[in-house]
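We call the chains A, B and C, going by the order they appear; numbering starts again at 1 in every chain.
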């Protein structure tokens, strides 16, 4: 917890002792956490730790077997979402970008994909056309308007996916493994976007494996392990805790190369210097530290 | 041969072999095509209503996924014992996994995409193709599968065999229907010179030709793919086989419930269908000729009718003399309403419909009587169940 | 961008010409070919041509109407005229004769000849010639019947191809609404088309990965197993995908009522085109009587 003076603010999400199980496989086993509005949050954890399940609970697609999930101060339950008005209001306020682009992009063309959300929420057709045109321009995908999804590159698919969710201007943006499968250029564009979200008022919750980007895209991290909250805190705190990273299976040692960067700055931990493979002589790493 | 040439050759072979089931444009007259659409429409309507109720928001993605699957599977070149290859439609797979109604829709959709987008299978013949493959195929496959699989455990070999047989029978039923549709064309539709306007082969040639290809090649392909997929699902994802297995049990208890309650609800679609068919039967009057095989003694003696019979039978002339047995039995039974025309009515069309109503009514009466007689014992069993 | 095609393994591909490999080639070849053709159609639909400029609704009504007329007419001359109309529409729409020949004419010819040729000998009627040596009778009615079959098949297929090559598929679907097609149908068709490509790619990849792992030839029962296992995996994927897509749709507000929006703008040219189609159809029907 941040520990500073807080005005009573309705949390964006509040989970209390949430349990959720797939047939034959428990996913969340007593998860409790709170996400404040406007925060940028990263969900970390190994595969099977419950990150995707959590995102779907937050989006009102799954409902907890036990425990409570609250969104914007009100309980998020299947019964409440039966009502059309409540459901539409909620859907407008929370958007989820799925990991698999084949799932996220299910419409015949990019235009249809962007128009889908507004159509479901019952906007006027002219307004939809205008809004779609504006969003296409905003994401620089106007030239892709009539393309079917199978004719898009990975990076283009991600932009379309984001655009189709953000066209509704949701207060909360949920992202499941946003940089997975993206080429470096597209990934860095996405990261830039998420960086800019800081202070925009939009709550961003991203589940990710990619430790390199966590400090850029998130102010706060939650580490999930076996369906429970193993740790929470500022991104740098979590990443500095090597023991935690190892036990939660989120750290990894790998070989990579830096260019002629004078300022050598990386965000993850190496198990040994040798694994680092050829550092350019000049710079002392500003944030790196060896594990003892 | 460079890879792209080889690829094109194989693709050409793929396309040529795929044609035996899908009827292209120009082989069926517009009226046949219209009848096809008219017959398919009520099934589509009922199927959509039932599936909508069952699936709700899952309807659109599920139908799309299964139709896409069916479409892709239709392109596989399956090796048949004997060395050749053939294509399967996947009608039995769809029926086993989704149940008959959703299968009807999924296959109809795959057929529409084949016809419109990929240009295989006719656009005008769409209704007829759906009746053959989507409707007859799915319903027959489902019935055969349930009959043979019964209440066998999900993982049993019996289900695999049931799937194979269901696929085989279903595609042959579809082929039979198609052969019939081909075969009546020259009989009904020809131009001034007598040249057939559409499919030129009479029943005598069309039926054996269609059935031969399907009883052997296409039937084997369908059986193989159905058995293969059922076996795969038993290992990989048995819950998918669960839905239709449970439905069989549901139907059993539902049947008992209906029998106990004298259910009208469950059978309402059938009554509506029956009514529609009754109204539609004057279409039979379109048949200017004569149903093949339904000849009376006088027909065999009249020269014009003999000429028609010869044409319909692939140029084989009927026997010179009326067969003795036929003559003997001809006078045995005088029908109250000969030739579907009640004697007191003068308008042939109206008479046709009337005889349909009277005929259907008689059948219904008989079944009501039978079920009343038989129903008393089972009803007490159902109550205690 | 997404360029699909046979894996370009080069020398190793040519070296591994086993029977099993050939089988997988054929299995996969048809799939890849279908994808390529679809992408091709997509490109053509974006070029500037006569038919491309028309509103999809007009094209759908007009071209489908002409197909129905082609199946309807009882005169060979009128049928021939309709075929010429199809060719006349193709050329200014950037659809070359060679493409027409390659994509349908030859294909339909090959198939129809198989079916129609025996008719020339089998249909009863006035004999006009006899095949030398075999002395099979060639009847006038047989020839006419075979010509009708071939003519109708080619004409209908040409019109259908023109529709598909000059109109992006999603527009064809939305135009179906003009014929009062149920909205659920249009939505499902659109999504099916989308997922056909996903599954075609999946299946091709499965075959390619099998081929790369193969050492010896495949026995027939092995081949069957490959085919059915791939189909099984595909079905599994299809059903799994449908559940995920349902969630994705729900996440954006889908509650069961399908809604569509189109981007069609009818111009005066469309009015002229519609009148033109109607005129051709009426002329054909009147002339053949």
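Here is the rule we use: a residue touches a chain if its C-beta (ideal position, glycine included) is under 8 Å from a C-beta of that chain, and two chains touch if they have at least 3 such contacts.
All of these numbers come straight from a predicted model, not from anything done at the bench.
S.K.: Nearest chain to the global Cα centroid?
M.R.: Located nearest the centre of all protein C-alpha atoms is chain C.
S.K.: Specify the chain most distant from chain C by Cα centroid.
M.R.: A
S.K.: At what distance in angstrom does the C-alpha mean of chain C lie from that of chain B?
M.R.: Whole-Å distance between the two chain centres: 24.
S.K.: So the centre of each chain is just the mean of its C-alpha atoms; given that, what is the distance between chain A and chain B in Å?
M.R.: 51
S.K.: Averaged over CA atoms, how far is the centre of chain A from the centre of chain C? Could you give it in whole Å?
M.R.: Using C-alpha averages as centres, the distance is 42 Å.
S.K.: Got the chain A residues that touch at least 2 other chains?
M.R.: Correct list: 106.
S.K.: Which residue numbers or ranges of chain B touch two or more of the other chains?
M.R.: 61
S.K.: Can you list the chain C residues in contact with two or more other chains?
M.R.: Residues 169, 191, 193-195, 198, 241, 245, 249-250, 254-255 of chain C touch two or more partner chains.
S.K.: What residues on chain A touch chain C, complex-wise?
M.R.: Residues 56, 59, 61, 84, 87-88, 91-92, 95-96, 98, 100, 102-109, 111-112, 115-117, 119-121, 125, 128-129, 146, 148-153, 156, 164-165, 168.
S.K.: In the complex, go through chain C and note every residue touching chain B.
M.R.: Residue positions touching the partner: 6, 13-14, 23, 25-27, 29-34, 37-38, 64, 67-68, 70-72, 74-75, 104, 107-108, 110-112, 115-116, 118-119, 122-126, 140-146, 148-149, 151-153, 156-157, 160-161, 163-164, 169, 172, 182, 184-185, 187-189, 191-196, 198-200, 203, 220, 223-225, 227-236, 238-239, 241-243, 245-246, 249-250, 254-256, 258.
S.K.: Spell out the part of chain C that touches chain A in their complex, as residue ranges.
M.R.: Contact set of chain C toward chain A: 1-2, 39, 42, 46, 168-170, 173, 190-191, 193-195, 197-198, 201, 241, 244-245, 247-255, 259-261, 263.
S.K.: With touch defined as at the start, can you tell me which chain B residues reach chain C in the complex?
M.R.: 3-4, 6-8, 10-16, 19, 24-27, 29-30, 33, 48, 52, 56-69, 71-73, 75-79, 81, 83, 85, 90, 93, 97, 105, 109-110, 112-113, 115-119, 122-124, 186, 190-191, 193-201, 205, 224-225, 227-229, 231-233, 236-237, 240, 310-311, 314-315
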